[in-house]
Each structure stands twice: as C-alpha cells, then as structure tokens.
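Sharing a structure here in structure tokens format.
Here the chain labels run A, B, C and D in written order, and each chain numbers its own residues starting at 1.
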C-alpha cells in the first residue's frame, strides 16, 4: 500500500478529471455541431448513464472503501433519489398524459385514484424535488444508520440488514397501493424544466450535468477523505475499538459518512432517471445493490477514481456483451468477475498503476511474479 | 373380486331392469353425444339416478375419455390398450374401429361434476366400503334433494358406521336443500351437520341460512357461528403448521449456507445456484427413470438425493479449490467471485436445459393431503419437514461426532493451530465447503417438489437464506434452525392479516429491528472473545 | 510467465464462450432489411421470452426462404435486455439508431413496454408487442398483437357465468401484485358488479412476484369457496409463481369440478413444467391453443418443432401473436413498397393476415387486432381442450368501457389520428 | 460533557481517582468478575496480576464502559458513574487504554496516529475542517521524542516492528493526555531491554497520571516497583507490595505456586 497523498487533487484524480472534461467537451461538439455526427445521440444517453453509475460507485466507495461499511442496500438510496426526480417529471407532464388529468399522473387515474396523495405535494416545484433528492435518501440513511450504528451492528450483519432494507423497499414499491406506479414505476416523461427530453441538446445537457456531478462528487469525496475526518474514517475501518478508546464517537462518524454517501447516491439516481426515461422498483432489487459493490471491488476499493472506473467498465461491458453475445454474455461477465478477483487483488486501477510503475522503473529480478 | 363385482352388477341390473326399463337406459346413452355440455350433464345426472347397473361402466368410460361415437352414430366403449370397441348399451362387439373415425364425447367441468355425483350414486351400494365412503362424500358435496330416496335406501343397507355417518350427513344436506321436510327433521339435519363442523358442513349449511322456516334459519345461523368459532382454534393450529412448513423450506435452503457462510465466512453468492443444481439433478434422474425404469418412479427422490449431494458438493469443492481458496482473508471478495460463478452456473443451466420450467413429478407418496382434525396436512410439506430435520440431524452428527467434523471445527476456530497439529487445512476447507454445497443440493431435491425448476430457482432463495443465517446468528447452526422456524411461523401468522406482500415487508423490518437489539443474531456467540 | 498466464486465461474464456455464441448477424451484406428482436434471454423473463426470440428467427428464416421482402433478405438483430427494464430502453435505442432496424418485435412485461415507449416515439420506429396486457394504452408506434382485456378476461368471465361454465356466483380474483392483474381485476370487478354480483362475493388477493409458499392463499380460497355458492378463481398470477400455485392446489385437493381456476397467463409453455394430472379441468383463456385443429396450425407446429429440432417443443399464444404480427408487417411493407416507418404505420391498419385458428385477423385503426377467444380446459397431456369459443373474431379495444376513467375514450390512428380521443369532449387528450 | 482540567501537582491522598465496589459480571453463568472492589489513588502506579481467566481484561472493559457490570459501583473521581458511559465517554473523561495486542492505525503514518490521538474536539464536524497547526506539530515532536520514534515520523504504522507499535500506542495514550492509563500486558513480545525501558517509561508517567498495569511478566512487575493487586476468579485475592504478596500462602497456591 502506497503512502496516501495529501493533495486534494492528486495525479490519479487529476488524470480522471481531465478525461472527464475532455468528454464533456467532445461529446456535445461531436453530437451537436460536427458534420456526420461522430457521436450519435444513442451514445450520449449511454455515457450519461455510465456517469451516474460512476457517481453511485463513488458514493459506495466512500462508505465501504474508507469506513468499512459494506452496504448491500445502496441501490435503495439511488432509487429513492430517482423516484424523487421521477415524481417531479411526472408532475411536469401535467395535462399531457393520456387521460389529460392536469394533476394526477396517468397511473393514478388508471387505478382510479381521485386525488393526489399528500406525499406527492410539492413535487411540481423543481427546487422542492431537488431538495427531496437529497433529503429522502439522506433521512432514510440517517434514521437507518442511527439505529444500526448505535447498536453497533457491524460486518455481515450490517450488510444483511441493508439488504433487508432495500428488499423491503422493493416489495413496498411494487405495491400499487403505495402510489408510485407499482411495477411499472414512473415513466413516459416529457420534459425537464421545459426542455424536451427527446431533444439531443437536452440529452447532451443532462450528460454534461452528470459529468459535472461526478467531478463534484469525486472532489467532495476526495476532500472528505483527505480531511482529518477522513483519517478517522480509516481508523474506524481498520481498528474500530481503538478509535472508540481514543474518545471518538464512532457511530457519529459512520452516520455522517453513510448519510453523505446516501445523498450522493440520491443525486446519481436523480440524474439517471431523466436519461433512461424510467424509474421502477427493480432498482431496489438486492442484485442491483450487489452489482454496485462489484463495480467498486473491480475498480479498486478505497480509491474513489477506481470505483468510478469500475462502474463504467462493467456497465460498458454489459452494453457491448448483451448486444454482441446475447446468448453467452453472462459467461463472459461471470468469468470477468472471477478473473479480476483472483488475478487483480487491488482492482483494475491498482493493476493499472502497478503496471505503469513497473514500466517506468524496471523492477528488480526478484520482484517479478513467478 | 372382479367376478364378484360383475355378479353383483348383473344382479342389480336384473332387479332394476324391470322397474326402470331397458329402453330408457339405451335412450339416455344415445343422448350423451348430443347437445351442449349442459345437456350432457343432465343426461349424466339421469343416468346416475336411473340406478341402472350398466350405467356405472358407461360413466366410468366417459370420465376416462373412452366413450366414443362411431361413424354410424353408435356409442361405444373403446378399450385403450387394444382399441377394441363394444356397444355401450349392450356390450356387443364392434370390432376395432380406426382411431380417427371415432368422435370424442367431450367433457367440461359441469359434466365432470355431474359425472362425479352420478358415479357416486351408483357406487353407494358398492361392496368396497372405501368406495362407498367416497360416494357418500360426493353426495354430501352435491346436496341434491333428488338423491334423498337413494340415500335412504343406502342408509338402510349400510353396515359400516363411518360410511353411515357420512350418508346421514349427506341426506341431511339434501333435506335442508329441499326445504320441504318437517321442521323437526330440518332441525335434526342442522344438528347433524353442525356436529360434523368442517368446511363441507359449512358449504352445506351456508346456502340455507335464509331458510323459509325461521326456527331452521336461526338454527343454521347458530350452527354456522359455532362451526366458525370451533374452526378458529384449528385455524391457529393450521397456521402453525404452515409456518413450520415454510420454516422447513427456509431451513433447507439456509443450512448449507450456515456452513459455507456461517462457519467458514465465505459470502457464497452461488449458494442459490447449488440449490438449483440439486433440483436439476432430480429432473435428470426422473427423466432417466421415466425412460428406462418407470417402476422406480416412487424411488426417484431417494435416488436423486445422494446424487444431488454429490453433484452440488462436487461443484462446491471445485469452486473452493478453484476460486475461494485464493481468497481466504479477503471474505468480501468471495462475494464478487462467487457472484460471477452464480451468473455462469445460471447461464450454463439455461444453455443445457433451456430457459423454461422443467417438469419434476411428485411421486404418489408426495401427493395429496390428509386431515388431522380440522387441519389439512399436505404430504409433500410433511415429508419436506421430515427431510429438513433429517438433514439437520445428520449435519449435527457429522459436525459433532465425526473426525472430519472435529477437524472442520478446529480449522475454522484456529487455522494455524490446526495446521500445526497436522490437519491438512486445505483438504478440510474443500470438504467443509463441499459439505455445505452438498446440503444445498439436497435442498434442491426438496424444493423441486414445490417450486419451479428453472434457471431462476436459486435467485428466489438466496436473499432469504442469508436473512435466516444472519437472523439466527452466523456460525451457529442451531441458530439457523431457530431462525428458519421463527421467520417461517411469523410470516404465516402475518400473512392472513397483512396479506402476503405486506407480511413479507413486516418480516424484513422485523429482522432489521431485531438485529438492533441483538447485533449478532438470535444465537450469538457470547462473551468477550467475540470482538477480540 | 505473466504474459503466458494471461493468454492462457483469455484462451480459456474464448474457447468456453465460442461454441455458445450465436452469430448476431446472419448476413453481413449491406443490402438487407434489419428487424430487431428485443426479448430477454437471461434473468427472470428469459423463461417466457426466449421462445419468442426463437419463433421470430424462424419466421424471418421462412420469409427469407420465400425471397425476403421487397426483394431484399431480412436480417434479424438479436439483443439481450436481460429482464432489466432500463436496459430494454437502452437496447431499443441501440437496435434503432445503431443497427438501423426498421421494426422491432419484442417485450413481454408491461413495464418493459412502458420503458421502451419513449424511445420508439422519439426515434419514430415500430414495435410489435405480442402479449396480452391490461389495455389503457394506444400508441402510434406500437402495434398490439396480444389480447386486450376484452379479448381475454371478459369472455372468460362470461363463460364461467354461463350454465356451461358452471354458473359461477362467487369470485376470487387472485393475482400477482403489478399493473396487469390490478387493472384486469379492476375491470373484472366493475364488470361483475354490473352483472349483479355482490361485493361480498368477490375476493381480491395479491401476492408478490415469484411467490412460492401458497399454503395460506390456497386455504383462503378453499374457505371462501365453502360458502355454498359456486366459486371460481380468476388468476392473473404471473409466470414463475404459477407452478407452486398449481402444485399446492393439487395437493390441497381443490378439483376443477369444485373450484375451477381460470388463468390468463398460463399456457402450454407453463404447463410443460408441471404434472397436469391433478389439474385436469382448470381453465385458461387465450386466443390460440396448440391443440386447435387447423391445417395452418398443424403446419406451424411442424415447422416450429423442426426449426427447434425438438419434437416435444410446444407452441403458445404469444407465438401466434408474433406470427400474425410479422405477417401483417410483411404485407404492409410490401403494400407500402417501403420500410419507412410513417408509411408502414399508415398502411398497417386494415391489413389482414391469417391467424392459426382458421380465421383472418385484421389490424384495426386502434393498432389492436381482431382475434377469436377460446376457453380451454387443462388435459392430462399438458394441452388444452377447447370447451368454448366466441362465434366471431373479437376486435381488440384498448380502452375499457367498464372503467370510469376510460369509458369515453377511443383510439383511432386512421381517421382521428389519436390514441386517446374523448368521445364526449371531442378532443384528443394529452399533448403527445 | 466537561473535560477534565489539566493536572497540576499531586492530588490529596484521600481522593481516589477510581473506585470499584462490589462489581460483578457474568457471561453465560460464568462469573468473570465477582464482587470486585478496587481503589486507585490519584497519581498511583498499580500493577494487577493474576492467572489467565482471573478477570483482568473484563475489569478493564468495565472501567472503560465497554462492558456493563451486572451489579456494583464504578466511580470516577467519586462523582461520575462509569457504568453509564461508553468507551468514547470514558476516553473523553481521561481514561486511556492500551490493548494487549498493539493496536495502531496501520494505514496511517506514525505522525497521523499521534495527531489523531491528540486531545481536541472529537466531533465529526470539527474534524472535517481541522488542519494541522504549529502547536500540534510541536506536541507531536515532543511525543515522538518520548516514545523514541522521531525517525519513523513519516512511516506507515503498519510497517513498524512489534515493539515500536507498542511504543506508538503508548504515545497515542499520552497524546490523549489522560488522567488514568490502563495498560494491558505492555511487555508481551518485547526484548528484555525494551521491557525495562517500558517499565521506566510507565514509572515516569505515574505521579502526574495514574497508571494501572496488567501484567504476567514478574520481572517487569518487579521493575515497576509498586503496589500489586492479585486477582483470582474475578475478585481481589491480595493486595500489597510484590514481596509481601508473593509470600502469602493463598497467592502462592493459586498463582505463583504453579
């Protein structure tokens, strides 16, 4: 393990941010202004989606990589952020739904509801929806964490109850009575803040926004982890008991980072929904949350940039393989997971950096792997 | 036996032929193919009431789809094996008509219902008491006023007390339905049915709750209330049974995980797929038996169980040696690798067996149900419960009483020390993982009897299995036992009130809250050693 | 050493994958017409959807054998949306904008259709949707070849209420908790009440997806049926949960003669995973059964079993829907002389294509088709025996007249150019 | 919560710093601590000895609030009830604890380990914004001198030797500026020279602060040259100078005599 660098933007983050910046410049140019459209609109939405996943992975890395909390329920925070945004987008449709009801979303008319339930109030206002994107996942994480961390639930026990949490939410959101569209979820969005979601320019804008959010999330996460608080988090991860005996209220630290991470996940979800055009309960499924863990592990736990990279790699692999090998892609993906864990214990980023380091400075003979 | 039966039939036919008239029977049989289902049901009913001894044979053939119409319009009974046809009315030989020249007499539920009642009427005087009992039950279900006469005759001739009781109840139901008997008779009928006190009695009483006679109506109302009250307690017992049964399924699914995850600390996400492999092994075994030795079908599960253990256990050993071995000390990474294994196993099964459900049959001893008081117990659930306990007991014995079990515990408690004492830890690891996986395979055999056998089978159980192990307290297989049954019973008590969906949500919230109270599960290993 | 290991592992992965990989594009030539196939080949829905992918491949191969369309070969493009709803949208976009498919045949669940809808509207392409659904939708870019509620649910209930069906008086509406059962049950509840069924004679019950412990639910049905009135269950239970449901029914001794179960989502394919002996007489309502004896159907089954190289492979209703839909599309393209989406969409209404049950189905202006309705009883051999059918083809109607929200709505993409036109207010609702 | 004032001068003899009376604690029926009473005076150096399972670690768990006693009184400075507090509370009161197995933050540098242990506002919010200052650096220099790890300042704690880790942990305790140090077997795994140096260090710490040492190594206890408490089966068997205690027949029987 190398010595942690103290600078806010180290080389690793710097390179990644530079790449991200190039992307946000190249994509709009290539999509909107260049002849022949070298970047098809299809790709824009795809990149936007990957960037949201990357932000979600960074959020998980913050709690898992730095504080040792393996959350198997982070998909829940992502989905809640997504639902908050989805609710705004539903209200934004207004009377353009198939039943032309100015207030009720189609699915409510469809199941015969006569008035808007109270928890849908306010979502017609964008700022309120934005607040909820942060608040709903944040409050859930705070309450959940307050109970769990205070009772000193740790390790697999914590992982499993986070899984129980997202599973319970999955079942709850499936229920049509909940008023969130049941299995179909929220869909058929028209526009956001008056911008038509079907227009390429809107898609490019959302993708750029996602890139900015990812950059912001990375910098924020980096700032937190390089602060004294970040060091205490690592203390908690490595020696929780020692940290307590030094007088730190471990549960407060866990609560802080868990809530912050949930809010980041919520933002990722909120950006994801207008780009994929649907939010439904399957986002709460435990398998989705496990996949987030896999992104982080694959990219490199506790490196932030690695987590983002892992998310993008796996999502891109899925896109390519489901199209290129529709009957066999699961073999390829499964094999990828196994190979990475066994052959690259420090994740893709670790292997990459190790490789570069070796290239720069030819290793002494005895270090060559036998 | 057969000869005797035929003799009785002939005697009966002779006795009644004069009264009912042979022409009538022939007309009825000839009318069977005509008209719609409602007409057919009517003819069947009349055949039943005719009491004609030949009717039973015709009706049995009809139920078995062996009654056909020949090109010339004659109704014949066709013997399935030989294809030979005989006249349905007189038994004359009609040769062996070509299969496609025969027209089917189709059935639907209404006709089938009429058939059941009619066959029942005709077997009320059957020499076999079991057949008479089932006939009496059919009569009770039918509650047909037109059967009163026949029931009276059967009652007079009946010697078996059990059959007699049901016959009396059947008559009571018919009497109530007709509403024409004296008040005293009707009240007696109500009392009789109230004594029976089960769903059949309820079904017989409920329609006459608004009887014309106010006294009868009141008595029926009271009887229904009494039955409902009495059944409440049984309902409680029934719920406990459902809970135990669900618990046994959870236990089977989770106990293998209690070894690989609870004892060894490997987060084995492929556990569900090992269960699935067990179920597919059962399918393959049954396929082979169906093709080569149909007589062994009753034994198919007994044959499949050890094979499933070996298949899943073998795959488990391969996973351990190939992957998990490299990851000890990095427990969370086993999650990633075994998730990959799970994806590959799912897809492999999909490629080999196809994506749709496979038909795993229930041997006869796994089918049907029996009554325990007012409680219904299905055989398959009972055997699964027994199987779950058997697996658990054997596992306990292996862990506590055998040399390999001792080595397993030694290695999991102190690997270095065990290695120093000459235990080959690598071999023990592989065997322990194989044992846990093999048990997952056994669970698959049981689950194939109640659930889909499809590539998704495992995914349905993996989350629940982890919940059970963690709720019970990882590292303690007694905890898994207690956890499985607690969750099973709690679930089944919540379900009637909250519904299946909300019930499950409440259980999950319950688990979350419970872990706050006991952060190391139900059966936590206590003491200060835990956190050291 | 390092290099060798990596190559070795890569080699293993490649050899493992190679035999299983079906070539995605069958013709590499440029001069083909590409048709997208958007069905899940993995995940929970693979169980139902894989068959539909296969049937599309067969239909396209047959069409190519006949010379293709407009003188060009058809080229199927298969992708796997993996039962993941956002992935459906992504893959739809890929099929249309990357692979330049001129029409897509796909989706099973309503949520997957809802997920891809905006994509088809935005990119102006054509989706053929082959599964029975809850209605309440009619989109310009979608052609619904499965049954609308009036082509399945209502006739089934009519049959059960008839003397032939057993004059059912008491109803259990049992479903999986999602939109299709919820809506269907709502329509049925309104319909039953309009037929004079009392509220206490209707029990509605929902269970989660993949529900497997049916003990309590089945005993509840049994108790509900013990009220002395003829009771039937109308089941909108989703695929996976059906096998344990029927197993429990059989074991608890609920016979079709006593409490028949009429299902809308159980076909030949689902029965293939079951021992049907205890289930004889339970019902299903569909627009097609494999057992229906017509020359077209016989030929289709023979071709299917030959194509899949499996003499036991069954056929089912959504397959027939794809058969009809595909033939309609071929005819429309040939009539329009182009694959241009706008022209094909305008040409399709009015096109007729034979169904497999001896009739001619017609594409209606509301983008639904005319279909016969059959009620079948389960037989011992896993097939259905038709016990009832509608005398004529029933035109599909997306907007249910039994729901207050939709009773005034009509869909007409030819005259009114509107999927949700309010007859009373005389306006096309919504701004889409 | 009030933070203890800096200590100046020796406290009066009559004021016990720590007071345990009739404390019991059972695990699954086994009484790890049984009616234990113990008084530590301010500035005192005390060694606690006893065979394995005598309840030494459980006693420390109870004092630091990690384990709650079933019964009995545990008072800090005669007023604060320690049974109501948890580890972080007791640490903030001024009780520092060193584990038997050296526990330092291995992925942090030696310097960071000490910096994180320094007495300061421990709330997450304050930690988020705190940056290193000159005063802090000076204090760390001083501590590094005391524990003789000046050269290792920038090294990762995980790379230190076993003995160095023990020292670093003691340094972290000192950084907390505690009034009472609970030290669990500090000499375990140390060389003889290191053991003697540790004894000297602890002796120098005592006086200003109270120190309670649990130890097996008799040479080390002898080197500490202080009052000794012998624990047996969860209660105090004997108390006094080591020479006196080791001559008591009951002590010889249960502990030294083996």
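Following the convention adopted for this analysis, contacts are C-beta pairs under 8 Å (C-beta built on N, C-alpha and C of every residue); 3 or more make two chains touch, one makes a residue touch a chain.
In this text the structure is predicted, and so the values were computed from the model without any measurement.
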item: Chain located farthest away, centre of chain C as origin (C-alpha); value: D
item: A-C or A-B - the one linked by more C-beta pairs in contact; value: A-C
item: Whole-Å gap separating chain A and chain B, where each centre is the average of the chain's CA atoms; value: 45
item: Inter-chain centre distance, chain A versus chain C - centres from mean C-alpha coordinates, in Å; value: 34
item: Centre-to-centre distance between chain C and chain B (centres being mean Cα positions), rounded to whole Å; value: 30
item: Separation of chain B from chain D, taking each centre as the mean of its C-alpha atoms, in whole Å; value: 65
item: Numbers and ranges of chain A residues touching at least 2 other chains; value: 171, 174-175, 241, 327-328, 330-331, 335
item: Residues within chain B bordering two or more other chains; value: 346-347, 351, 459, 501, 504
item: Contacts with 2+ other chains: residues of chain C; value: 20, 41-42, 177, 208
item: Interface residues, chain C side, partner chain B - complex; value: 20, 41-44, 46-48, 50-51, 163-166, 177, 205-208, 210-213, 215-217, 219-220, 222-223, 225-229, 240, 243-244, 247-248, 250-253, 256-258, 260, 269-270, 272-275, 278, 281, 283, 377, 385, 387
item: Residue ranges of chain C touching chain A (in the complex, touch as defined); value: 1-2, 5-6, 9, 13, 16-17, 20-22, 24, 41-42, 78-82, 84-87, 89-91, 93-94, 97-98, 109-111, 114-115, 117-119, 121-122, 136-137, 177-179, 182-183, 186, 208-209, 403-406, 409, 419-420, 422, 427, 429-432
item: Chain B - residues contacting chain A, complex; value: 261, 267, 269, 323, 326-327, 330, 332-337, 339-344, 346-348, 351, 459, 463, 466-467, 470, 474, 501-502, 504-505, 508-509, 511-513, 515-517, 519-521, 531
item: Chain B-facing residues of chain A, complex; value: 70, 144, 147-148, 150-154, 156-157, 160-161, 163-165, 167-168, 171-172, 174-175, 241, 286-287, 290, 293-294, 297-298, 327-328, 330-331, 333-338, 340-342, 345
item: Complex contacts: residues of chain A adjacent to chain D; value: 1, 3-4, 224, 227-229, 231-232, 234-235, 238-239, 241-242, 244-250, 252-253, 256
